[in-house]
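Sharing a structure below in structure tokens format, with a few things to ask.
Letters A, B, C, D, E and F mark the chains as written, and numbering starts fresh at 1 in each.
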Amino acid sequence: SVRSEIALANAQELMNKTNEKCFAKCVTKPSSSLSSTEETCLTRCLQRYMEAFNIVSKTYTARISKERETS
Amino acid sequence: MDNTKFDESTQKELQTFLDREQAQARLHSSIHNLTSMCWDKCITSTPGNYFARGEESCLANCVERFLDTSLFMVKVIEQQRQSIGQ
Amino acid sequence: SVRSEIALANAQELMNKTNEKCFAKCVTKPSSSLSSTEETCLTRCLQRYMEAFNIVSKTYTARISKERETS
Amino acid sequence: MDNTKFDESTQKELQTFLDREQAQARLHSSIHNLTSMCWDKCITSTPGNYFARGEESCLANCVERFLDTSLFMVKVIEQQRQSIGQ
Amino acid sequence: MDNTKFDESTQKELQTFLDREQAQARLHSSIHNLTSMCWDKCITSTPGNYFARGEESCLANCVERFLDTSLFMVKVIEQQRQSIGQ
Amino acid sequence: SVRSEIALANAQELMNKTNEKCFAKCVTKPSSSLSSTEETCLTRCLQRYMEAFNIVSKTYTARISKERETS
């Protein structure tokens, strides 16, 4: 269905962005394998990016509905 | 494209459904872009078990101030148009 | 019409880019409201970005037509 | 898509119109990208009431040198092809 | 869109062909994005007649570690789901 | 044909990215013409970017086929 396609595209986009941002932050000098320091950083970064996404989602949708009420 | 298969009320329903789904997709795209932009602005330390001091409020403020900026810019443009019109 | 849709899309793209660039330049540490310093910066940045767009437009189209004549 | 509704000359006119509009859209897109890129390269100070010294000429030079770069790159590729062909 | 012109086996062949071409386009797009991202990460010096020491291996490692990162992230998400399910 | 359109789009995208990256690296302060230093830098940058593209292509496709075998 159109609806589940949008949900899937949304989840995939979130994963792509998370990988991109966390690789940029945690793997600054790519070597022959991921070090344990890099893996710890990636695990934490994944959690923080998901939280950031939730904070942005909530703040944005709350603001949009507030704007709609006042206008 | 052959629309004659659907009667008018079905076509309208379909249009409403598609409009809502498109609005949903635009909303998601805005949220992804804002998350990416505010992440770069607010999260400057190495990720820890929790957000560092000030990072969480920075994220929420970043969204609010970005929307303020958009509204402010529209207002400035309106004012400039009026001052030219005088 | 197709033509007015393109003009509208062009104006919207210009507003989006202006907001993005000026927010990046003027609101470096987002706080609980836009300060008057930030608003002054945004007003000037808006004017400068529009000017920059006009300079780039003129230079680009002049060059493109020059290239077309010589080839 | 059913094209049989239009006669040939109408179809050609329509095609010419659409081609021109598409070229216009590509032109706009190039100008937006160049403005964004040259803004980041040339405008390093906090925005003032006027452009800072050198910023305006930097913007125009940025566009011209970017187009020079594109033409130069094509020339280099052509030369490399010929030197391999010898 | 009128598909009735093609019989079933021709339609399937066409679909397979289009799927393969689309996969090819996605592959190209990934390679362009990775080249751009790994270039920014690995090539920090002014370009010389050869790559600087370590730049070539950095490029290959960048691709491999980026793919490792994607797989690692999926594993972390799976583990978090399971620990919540307990 | 669809195939040659994809090959053309791929070559154009490679040229666009090369121009963008090498202009950013070699022409840091755009003046009234390209200097010989800038042209030397652009020539080398073009060669390096093409090499980088080949290294990334090879590494990526080798890895993708390895992943497919093991799964």
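Side notes on the structure shown:
Throughout what follows, a residue touches a chain if its C-beta (ideal position, glycine included) is under 8 Å from a C-beta of that chain, and two chains touch if they have at least 3 such contacts.
Please read these numbers as outputs of a predicted model, since none were measured by experiment.
In summary, no chain was found to touch both chain C and chain D. For chain D, the chain with the farthest CA centroid is A. Interface matching across B-C, E-F or A-E places the copy of C-D, with more than half of contact pairs shared by residue number, at E-F.
Interface comparison, A-E against E-F: more C-beta pairs in contact at E-F.
In this assembly, the C-alpha centroid of chain D lies 18 Å from the C-alpha centroid of chain F. Between chain B and chain F, the centres computed from C-alpha atoms are 33 Å apart.
Averaging C-alpha coordinates per chain places the centre of chain A 16 Å away from that of chain B. Contacts with at least two other chains are made by residues 22, 26 of chain C. Looking at chain E, residues 1, 38, 42, 64 sit in touch with two or more other chains. Viewed as a contact network, the protein chains form a single closed ring in which every chain touches exactly two others. The chains touch one another to form a ring, and the order obtained by going from chain D toward chain F and onward is D, F, E, A, B, C. Contacts from chain E toward chain A in the complex involve residues 37-38, 41-42, 58, 61-62, 64-66, 68-70, 72-74, 76-77. Contact residues on chain C toward chain D in their complex (touch as defined above): 2-3, 6, 9-10, 13-14, 17, 21-22, 25-26, 41, 44-45, 47-49, 51-53, 55-57, 59-61, 63, 67. Residue ranges of chain A in contact with chain E, taken from their complex: 15, 18-20, 22-24, 26-34, 39, 42-43, 46. Of all residues in chain B, only 17-18, 21, 24-25, 27-28, 30-32, 34-36, 38-39, 42-43, 46-49, 51, 56, 59-60, 63-64, 67 touch chain A in the complex they form.
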